[in-house]
Amino acid sequence: SKVHENGLACKDPAAVVAEDFHFGGLDKPGGTTSKRFGFTANQVQIPGLNTLGESHVRLDVAPGGVFPVHYHPRAAETALVLEGSVYFGFVSSYPDNKLYAKVLRKGDVFAVPQGLVHFLHNNGTTPATLYASLSSQNPGLVLLGNSLFAGALPDDLVAKTLLTDQHTVQTIKANFRRS
Amino acid sequence: SKVHENGLACKDPAAVVAEDFHFGGLDKPGGTTSKRFGFTANQVQIPGLNTLGESHVRLDVAPGGVFPVHYHPRAAETALVLEGSVYFGFVSSYPDNKLYAKVLRKGDVFAVPQGLVHFLHNNGTTPATLYASLSSQNPGLVLLGNSLFAGALPDDLVAKTLLTDQHTVQTIKANFRRS
Amino acid sequence: SKVHENGLACKDPAAVVAEDFHFGGLDKPGGTTSKRFGFTANQVQIPGLNTLGESHVRLDVAPGGVFPVHYHPRAAETALVLEGSVYFGFVSSYPDNKLYAKVLRKGDVFAVPQGLVHFLHNNGTTPATLYASLSSQNPGLVLLGNSLFAGALPDDLVAKTLLTDQHTVQTIKANFRRS
Amino acid sequence: SKVHENGLACKDPAAVVAEDFHFGGLDKPGGTTSKRFGFTANQVQIPGLNTLGESHVRLDVAPGGVFPVHYHPRAAETALVLEGSVYFGFVSSYPDNKLYAKVLRKGDVFAVPQGLVHFLHNNGTTPATLYASLSSQNPGLVLLGNSLFAGALPDDLVAKTLLTDQHTVQTIKANFRRS
Amino acid sequence: SKVHENGLACKDPAAVVAEDFHFGGLDKPGGTTSKRFGFTANQVQIPGLNTLGESHVRLDVAPGGVFPVHYHPRAAETALVLEGSVYFGFVSSYPDNKLYAKVLRKGDVFAVPQGLVHFLHNNGTTPATLYASLSSQNPGLVLLGNSLFAGALPDDLVAKTLLTDQHTVQTIKANFRRS
Amino acid sequence: SKVHENGLACKDPAAVVAEDFHFGGLDKPGGTTSKRFGFTANQVQIPGLNTLGESHVRLDVAPGGVFPVHYHPRAAETALVLEGSVYFGFVSSYPDNKLYAKVLRKGDVFAVPQGLVHFLHNNGTTPATLYASLSSQNPGLVLLGNSLFAGALPDDLVAKTLLTDQHTVQTIKANFRRS
C-alpha cells in the first residue's frame, strides 16, 4: 500500500480464509540462524494476528549459545521451555538493575514485564527449544550489544556509557563487523 | 485484600522474587480434568503476569475429546499443537457465522480474534496436546453449552434461542446435571 | 476505499456536516425484522460515531418474542425499556454460569458487562420497546443458537459441546435452515 | 474505602446481585432540578457500570429551557429525543468554532465527539425529554458559564477572555450568585 | 492522502531521517501572534511525534496579556515557566468549579488534568515565556470565549448559558468580530 | 498504603490543593548528580500528574558529560535544549540499529519514539541544560551500561552478548563498582 499507518493495513475481509490464521512448522527449527550467538529463530507469521496484540516465536539455542541480552520496546514476553535447559531471566530498571533469573527446564514458563532487559543462555550440553509469546503484534527487538556496537554510535559516547576506553570499544566493534 | 479493584492487586515490589515470574510442570498434563468433554487443562499461574496482558494454558485432549465450543470475552488466542492432531477453528459473528477451521498437526499454530466462538476436537486416535496463549491476564471463559444448559436460564428462553422445544432443552439440561 | 484498516476510514473533515452526526426515526420500529425470534432491530447509523466508542439500537419485541441468547465480543451494553416489559439479564462466565436477571418495566435500565452472554424475553402480552447503548462503534454480535446451528460447525462437535446426540443436533439445524 | 484510586473501587464479586446492574424510574423526570436553566436531570446510577465505559442520563427541559453550553472532559455523547423538540448541537474546536446543530424531534439521535462544547435548547412550547449516553463511567461535566462566572476566576482574567470589561463580568457573576 | 483515518498518516519508514524528529527555534518567540489576547504561540512541529502521545508549544505573553480561559479535549498539560511570572491555574468540573491556581515564577512547573478549563495571565510588568507539554499528538484547543462568541451559537442560547441578556451577548460578539 | 496496585494510589480528592499540581526550582540544577557521567537530574515531582501520562526532568550536563545510552520502557520522550549544545539521538531497533542524531543547540527540540535507545553527549565547552518530557507518569529508565555491568548478569552471558571475552567484562564491571 502507498498509505502508511501506525501498524500494518488489513486484508479485505471478504477475501479472508482460514489459512490467514494459520502457520505451520513450529515442530522444527527454522527461519533465521545466528551463528554468532548460536540460536535459530522461527517467527510465527499469521496475517490474522494483525491488531490482536500477540506474536510468537520458536527459539532453538545450541549448547553454549545465547539469545543475547535484549528487550522488546512494545511487549511483555512469556517463554515456555519445550526441550533442554536454559538460564533465563530479566534485569529490573535503573537504579536497581536487580536480576530475576532461574535455570529453566522442560515445562517451565517464565514471564518478563514489558520493555525490560532479558536473555537466555543455554549452558547445558544439549540443544534447547523455547516457544515465546509476546503481548503485541509489533513488539520490536533491541539487542543491547548490537545497539551499542553494530550501529553508528560514536566510540567516545559508547566508551563513556560503559565506563571504558575507546580502544576497547573499537575492538568490540570490530568483532561485530566480522560475520 | 479488602479493597476490590478491576483486576488483582499487586504484590509489594520490595518482596518480589524470581519465583513470582515462574511456573513449572507444563511438560505434563495437570490441573483440571473434565471427564465429560475429555480434556485436561493446566493453567499457567504466574503472579508477575498481572497487568501484563497475557495468560497461558496447556490443554490435553483425549481421542474423541473436545474443548467444547466457547469464547473468551476479553482476549484473542493463539494455540500451538505440541503433540497429536486436532480439528481447530472459530466462527465469525452474526449474520455470517462463517467457519474458519483446519486440522492442525504438531507444529501448527492457529489464531482466534478477540471474543469469537472457537473450539478444538481431537478426532484422531492419539492424545493431543496444545499450548494456548491469550492476550489478557484475565481473559474469561464462556462455554456455549454450559452457558445455555448448566445455569439458570429459563427453558422457554433457551428453546426459543435454539428454535427447539422445551422438552429437548430439559433433556439436555439433565445431561449437564449428571456428573 | 481500497485500503483496509482496523475499523472504518474517516470522512474528509472539510466535508463533514451536521447531518453526519444525525439519525432519525427511532420513535418507530424499523430496520431488520426477525420473524423467527419476534423482534425488529432499528440500528442507529451515524457516520460521526466512528472512533467514538458508542453505538445504539432500538429493539421492538412482540409478545412471546425474544432477542435470543447472544453476546457482543467488543462491547458492554446498557438497555432502557421504553415501552412494555421484558425479562432481561446476563449469565456470568464459566464455571459459575450465574444468572443476573430481572423483569424490566418501562423506565428500567439494566447493564451487561463486556462480552457476557445476555438476552431479553417479552413474556408479557403487549409489545416491548428498548433502546440499547453499546460501548463500541463496532461491538459485534454473536447469537449462541445461530453460531452453533446456522453455520458449518460439524454435528459431532456440536453434539459433544451440548452433551447430546447428533440426531438432536441435526433436528435443530433443520429448524435453522427453515426461513 | 480509605484507599483512593483513579475511579471507584469495585464491590466484592461474591456479593454482587442482579440489582447492582439495575436502575429504575427513567420513565419519569427526577433527580436534580435546575430552575435557573429550566432542566431536570435524572442520572442513571448503576454500580455495575463501573469500568464499563458508559453512563446515561434522562434530561427534561421545559419550554424555553436549556441545558446550557457545556462539555464532558472524558466522554463522547449520543442523545435520543424521547419527547418534544430541541435545538441541539456542538461547536468544533479553535480556530474554526464551527456549529454543527439541528432541530431534533422525537426519534432523532445526535452524536457529539469527545470533549467538544455542546448544548440543547427547548425553543418549542412543550416539554422535551432526552436520553443521553456517554462513553465513560466518569465523563465529567463542565458548564462554560458556571466555569467562568460561578467559581473564583478573577474578574480581569474573565473580562480579557471574553473581550469585555470587568463591570460586565461582575454583573453576570452577581446573577450566578442569585439562586 | 485521499484516505482519511483518525489521526495523521505515517511517513514511509524507509524515507524517515533524523530531521523528521527535530524542530528548532524555540529559544525565540514565533508562530502565531494574538494581539487581542497579548500572546504569541510557537507550536513545535515534529512529524515523528505522530502516534507518540505528546505535543509542545512555547508561549510568550506580554505584560497584561493572557492565554485566555480554554481547555484541550484530548490532553493533560504541564507548563514550565522559562521567563517572567504568570498567574496560572485550572478550574475543576461542575458543580464545584473550584480554582486551583498559583502565581508561577521562572522554574515553576504546574500540571492540568485532561480536559479541564485552564488559563494564564501575565499580571507582571515583564514578558513571560512558558513551555507547555500536552499528553497527545492531537490535543485540540477550545477557547471558552471564542466558542461562545466567535462562532454561530444563537444569542438567546448564549444569554441563557451566561444568565445574561441578548444585548450583552451581542455587544461581546461585536468585540470578537473586530480584529 | 498497604494495598499495592499498578501505579500509585491517589490522594483523597477532598484534600487536594493547588500545591499538589506544582513543582518549583527548575530554573536551577538540582536533584541527583552523577559524577561518573557528568550530569545532574532534577526530576519534576507533581503528585497531581498521577494517571495523567506525563513526567518531566531537567538535565544539566557538564562539558564532556553524557546522559549515557539508555531507554524508557514505558514512554516516548521529547527534549528541549535550554542552554548549550549537545549531540542527541536515538538508535532504531534490530536489525537496522540505525542512528537518528543531531547536534542540538539552544531552542532545538528532538523526539524519541517509545522504548528506543537514546543518549545525549555534551561535546561542547560549556554546560548544557535540557528539559525532557516523557509520555508516562511512570516511564522507567534502563541505562544499557549499568544494566550489563552494574547488576548481577553473569560474565559469560555479557561476554557472549558483546562478542568479547570475560576478562574485558570483568574489567568494565570493576569500573562500575568504583564510585
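Order of writing sets the labels: A, B, C, D, E and F. Residues in every chain begin at 1.
Assume a contact is a pair of C-beta atoms (placed from the backbone, for glycine too) under 8 Å apart; a residue touches a chain by one contact, two chains touch by 3 or more.
By chain, UniProt protein names: A, B, C, D, E, F = Germin-like protein.
If you're wondering where the values come from, they're calculated on a predicted model, not measured in any experiment.
Common neighbours of chain A (Germin-like protein) and chain E (Germin-like protein), listed by label, are C, F. In terms of the distance between Cα centroids, chain A (Germin-like protein) is separated most widely from D.
Residues touching across the chain B (Germin-like protein)-chain F (Germin-like protein) interface largely differ between the two copies, under half of the numbers being common to both. Listed options A-E, D-E or C-D contain a single repeat of the C-E interface, assigned here to A-E, on the basis that more than half of the contact pairs agree by residue number. Of all chains, the one whose CA centroid is most distant from that of chain B (Germin-like protein) is E.
With centres set at the average Cα position, the gap from chain B (Germin-like protein) to chain C (Germin-like protein) is 23 Å.
Between chain C (Germin-like protein) and chain F (Germin-like protein) the centroid-to-centroid distance comes to 50 Å (mean Cα coordinates, whole Å). Separation between the centroids of chain B (Germin-like protein) and chain D (Germin-like protein), computed from CA atoms only, is 42 Å.
Computed from the mean C-alpha positions, the centre of chain E (Germin-like protein) lies at a distance of 28 Å from the centre of chain F (Germin-like protein).
Under the contact definition stated at the top, the residues of chain F (Germin-like protein) that touch 2 or more other chains are 3, 5, 113-114. Chain pairs that touch one another: A-B, A-C, A-E, A-F, B-C, B-D, B-F, C-D, C-E, D-E, D-F, E-F. Within the complex formed with chain F (Germin-like protein), the chain A (Germin-like protein) residues making contact are 36-37, 66, 68-74, 87, 91, 93-99, 113-117, 119, 121, 123, 140-154, 156-158, 160-164, 168, 171-172, 175-176. For chain F (Germin-like protein) in complex with chain D (Germin-like protein), the touching residues are 1, 3, 5, 7, 9-13, 50-51. Touching chain B (Germin-like protein) in their complex are the following residues of chain A (Germin-like protein): 16-19, 21-28, 44, 46, 48-49, 52-54, 56, 76, 78, 80, 82, 89-90, 100-102, 104-114, 131, 133, 135.
Of all the residues in chain C (Germin-like protein), the ones that touch chain A (Germin-like protein) in their complex are 3-6.
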